[in-house]
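The following block contains the structure, expressed as structure tokens.
Naming follows writing order (A, B, C and D), and every chain is counted from residue 1.
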Amino acid sequence: MEYFLQQLINGVTLGSIYGLIAIGYTMVYGIIGMINFAHGDVFMVGAFLALIVYLALVAIGITFVPLALLIVLLVAMALTALYGWTVERIAYRPLRGSFRLAPLISAIGMSIFLQNFVQQAQGARVKPLQPVAPGGFQFGAADGFVVNVSYVQLMIVGATIAIMTGFTLLVTKTSLGRAQRACEQDRKMAALLGVDVDRTISLTFVMGAALASVAGLMYLLYYGVIDFYIGFVAGVKAFTAAVLGGIGSLPGAMLGGLLIGLIETFWSAYFSVEYKDVAAFSILAIVLIFLPSGLLGRPEVEKV
Amino acid sequence: MAAPASPAAAPSPLIAAVKDAGIAALIALGLALPMLGLVTTQTQAGMGLVPHWDRVAIAVVAVFAGRLLLNLTLWRPGRRKSALAVPPKVEATLARTAKYLGPLAILFAIVMPLLPFTERYAIDLGILVLTYVMLGWGLNIVVGLAGLLDLGYVAFYAVGAYSYALLAQNFGLSFWICLPLAGILAAFWGVLLGFPVLRLRGDYLAIVTLAFGEIIRIVLLNWYWFTGGPNGISGIPRPTFFGIDFDRGPDGFAATFGLSYSPLHRILFLYYLILALALITNLVTIRLRRLPIGRAWEALREDEIACRSLGINTVNTKLTAFALGAMFAGFAGSFFATRQGFISPESFVFMESALILAIVVLGGMGSQFGVAVAAVVMIGGFELFREFSDYRMITFGLVMVLIMVWRPRGLVSSRSPTVFLKEKKAISGALVQEGHG
Amino acid sequence: MTLRHDDAPALPEDVLLRVERLTMRFGGLTAVNDVSFDVRRGEITALIGPNGAGKTTVFNCITGFYKPTVGRLTLQSGNGRFLLERLRDHQISRTAGVARTFQNIRLFGGMTVLENLLVAQHAPLMKASGFTLLGVLGIGGFGAAEKAAIDKAKAWLERIDLIDRADDPAADLPYGDQRRLEIARAMCTDPALLCLDEPAAGLNPRESLELNALLRSIRDRDGTALLLIEHDMSVVMEISDHVIVLDYGKTISDGAPRAVREDPRVIAAYLGVEDEEVDEVEREIEEAAS
Amino acid sequence: MSAPLLSIEGVTAYYGAIAALKGVDVTVDEGEIVTLIGANGAGKSTLMMTIFGAPQARDGRIVFDGRDITRVPTHDIARMKLAQSPEGRRVFPRMTVLENLQMGAAVTSYAHYDEDLERMFAIFPRLKERASQRGGTLSGGEQQMLAIARALMSRPRLLLLDEPSLGLAPLIVKQIFSVIRELNRTEGLTVFLVEQNAYHALKLAHRGYVMVNGRITLSGGGRELLEREEVRAAYLEGGRH
């Protein structure tokens, strides 16, 4: 039981990270209908920026952890958002209204570029970081098994819940969110009603990138080690999560992220670590066979 | 009537250009400052930062100068729109010349290895390029003709390679028996994987094919006793000239035909083998396009619902495209295995699928000629920059973005009709759909 | 495996399609509610009614794009008797012989006009190509079959006056031509029943007249029965032999065009009262002018 | 004579390499209903979109309320008291009726949102019944009403209406046309209307233009055009064009 609980906690933590990245995929897909293949790499850039900013803070003597983390969070979000904005500007905006596959290839090119750019700029070796906030709570030491909840895990889950709530409010209640949904459903009409479509799309990328940087920071804190290649693996998982939940749906992305995190964790715990990705992908395929639009996606009604 | 000046005619174009370049430089500063300027390095006391301000300066200056130059030339106000677009006339000429360039290119491919100045390196490169041409043509059936987005194509390439390796090693079957078997096995996997997922649409299909590609790779990586895991399979039998080995022995190729032994014989054989395989792929595809199945693929890409209303079984039609595409990948895979003599899961990563897809899209979906050109440009260009290995991948990624921005529909975007009454007219790419499957 | 359902109860000789108690629900919404009617051989049957009355839904059930929630759709043609609700969409076209056009024209825009008509002859050509196997090797009678298919396409192109545009992409045709081409494409499947979803929408009066002639010739020359959805009352009254009116998913009138036109329920729900508003404006403009 | 509210001078527009408008001159005065009729594909809807800068006119100029809007981005034009109910209605399918109307009011920063909403519900009581229903679930006629109401939420001085009668039952067409006339008469709303339904449109309009293949071939008073032999032949009775 404790083992199960421990895995549950680990799974939820991992799922939160996936969910935050998945939101970026889902938002961009929702608004311009493209798979932003470079999003995983934006997440990786976010993780690197978080590491760099943190080290810079340490270098100038800001070592009070909560303050340092808050600054890292804000600065990394801003800088990663700038990356997200630039990627959209260079690789996607010129292709707006073009064929579906052109932005996809462009995105794959951008992904290759970002990966190798970071590799060249920061080196190919893994970047470890000693635990920033060690320790945590422990429960149930009765029969020898202890359930650990680290501070970092609590932070990750807490931050994810807060961000998700904020986001849902933003999209459903504000006029920016309404403009976003309008662009999603009919870009041309949105422009006819005075919505600056380019700006709205840019903002979507900025928001997605900012969330990815939060996930990057969490990844850094949770695993304590990053490299230039983490973007691909996490990106594919998060994309899977977004599709599993129903691409285009924000709660779906979060749900999908949680599920992928849980499947991976439990499969590794009870069956085999090697095949955890196979388990995640297989469940995706099975779900899609029965629910072709994912768990919370809107079923595609064929207009005849 | 006193209408105010439109914003496009701002006071001075030069000032505007400098201002714009300045903003770009500022953004570049924001991007470069942390990533290029502060390098994370492992020290004895843990992680630390090493400043590299010179790199930041170079990046910012480069962006400013480049942007300014572009603003004053290509992006001058008023020129902006037509600067990069290819006029329809040029496009039509390109499409027409493609008809003659195709046979010429094939001719060149046939005589290239025999030319006196051709070095072994060129033949090796030729083999590599032709492998990708073949893979591109195979995927073109799925993506270009049937409009199904497949992000896991490399899985079938892997199936072909492992089929050959395992069949040849465990049962001692010759290449010529294994080749069709590998193709059939790959096609079988294509159907097996395709059957449940082909009713998915668009990007759902894309992620599932990507997932299948990854699943196959992970299985190959972890199924030690069968596939050798990460160590792969080595000592795969080399190809024979219909049973005659390319070795120094008395029964070898050189001795049998009374030639003096040269390692080049095998390379030449491999070259012509892949050339023949690629040309067969091409020939079959061209033929298929003119058969009802090929027309049904293209119709499916244009409008699936209309297809259903005309009595076309869309599931079977999609499956055939999937299976045939997989089969050619299987052929290419077994060629790859026999050429390398060694295979491991590392050759079948997602990047390979992405690369093949990029070749198809950059070439112009559905265009056999375009795909071949794209393969030559991408693979050949990539290999030529081998010396600059540090910056090769960065450039590669950037070039992919730039080509797409320049020609979103690929190099040859027009479609050639499969049948005509009076006159065969190329169809503008703007009218051709790319499918939602 | 046979797709015929000859054990189903036979229809009267003159009935081609019988729709019985058709109901279609989407979630909580009932789009079509207990609708029954007959389509008779050699007739043009029109299905009219306000927007959202469920006309297109009825169409989609008949042509297999939706599976009805409740109801039976029996089609009895020279090929046998079929229960359409049990067939898959492509079988309905291929086996039962029901063809259709779409409200928003669905041509293969990037293919030529001729290619469009050849795709419609997929099933026989597929057979002739030995299900591709023989065709790839270049053996078998595919060449002859393709020639016959092209001749058939040519005949249709002559009929719809598009023979000169055979080699142009379908998307390049003007709107009215696209409508006719879509009808010809459907006819190339040799249907027993042709379903047309608003064939006159967007046509000018002249094109509309030509369309009437084409539809009549399909009924009389090809012996294909027609079922059409249409808003243009001039088309409906002019050519149909039988009119069914739907409102809120239910049949409110069923009969000869003249009788339907005078049915008070139809006038209230669909046609509306006299042109008084428009006449009022006319008066105003005259006043302003004087 | 004062300057027209909207003047289109020698405008050409292209879709790719194809010329859709080949030098169009049209003026609309304040308080008028002006209609543009013509066959499908004549370029009527292109003109409507070109006024909004999508696609932008290649030559010529478009002046609205004394301001040259030829090169102004679409979303900025929409903020100038110029609204459009476009071809195909383009209601946001996954937004409620209320949210659709909110989108219409976005350019006015919701200054008089409540008041305008009440007004729309008074004009189109059907929309009030459906306020919380999603746009995509409305019938064609209701969608058309919503599209017009959404355009009116921005309190435009000029309303562009593209084929409001397309695909609608005769009864609904009558309702929509009577609302347009009513708004013009009581509130002085200027309307530029594109129609295929030439008879209804010309009867409703003060002035009309006829477009053939991207060019204006005829213009005149609505009634006057109705009487013209060429118009009757091509758009009213059928027969030779």
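As a working rule, a contact is a pair of C-beta atoms (placed from the backbone, for glycine too) under 8 Å apart; a residue touches a chain by one contact, two chains touch by 3 or more.
Nothing here was measured: the structure is a model prediction, and the numbers come from that model.
Among the remaining chains, B is positioned farthest from subunit D, on the basis of C-alpha centroids. For the criterion of most C-beta pairs in contact, the winning chain pair is A-B.
Chain geometry summary: the mean Cα position of subunit A and that of subunit B are 28 Å apart. Averaged C-alpha coordinates give centres for subunit A and subunit D that are 43 Å from one another.
Note: centroid distance subunit B to subunit D, computed from Cα atoms, is 47 Å. Multi-chain contact residues of subunit A (touching two or more other chains) are listed as 302, 304. Within subunit B, the positions touching two or more other chains are listed as 305, 428.
Under the contact definition stated at the top, the residues of subunit C that touch 2 or more other chains are 65, 102-103.
Taken together, the subunit C residues at the contact with subunit D in this complex read 29, 49-52, 103, 174-176, 198, 201-206, 208-209, 231, 233, 269-272, 275, 277-278, 281-282, 284-286, 288-289.
For subunit D in complex with subunit C, the residues that touch the partner chain are 39-41, 137-142, 166-172, 174, 177-178, 181, 185, 196, 200, 203-204, 206, 221-223, 234-241.
Within the complex formed with subunit B, the residues of subunit C that make contact are 63-65, 89-91, 93-95, 99-100, 102, 106-112, 114-115, 118-123, 125-126, 129, 132, 135-136, 138, 142, 146, 150, 154, 163, 166-169, 171-172, 185-186, 189. Interface of subunit B with subunit A (complex): residues 27, 30-31, 34-36, 38-42, 46-49, 55, 143, 149, 196-197, 199-204, 206-208, 210-212, 214-215, 218-219, 221-222, 305, 350-351, 354, 357-358, 361-362, 365, 390-391, 393-394, 396-401, 404-405, 408-409, 434, 436. Contact residues on subunit A toward subunit B in their complex (touch as defined above): 29, 35, 45, 48-49, 51-53, 55-56, 59, 79, 82-83, 86, 90-91, 94-95, 98-106, 108-118, 120-123, 125, 127-130, 232, 236, 239-240, 243, 247, 274-275, 277-278, 281-282, 284-285, 288-289, 292-294, 300, 302, 304.
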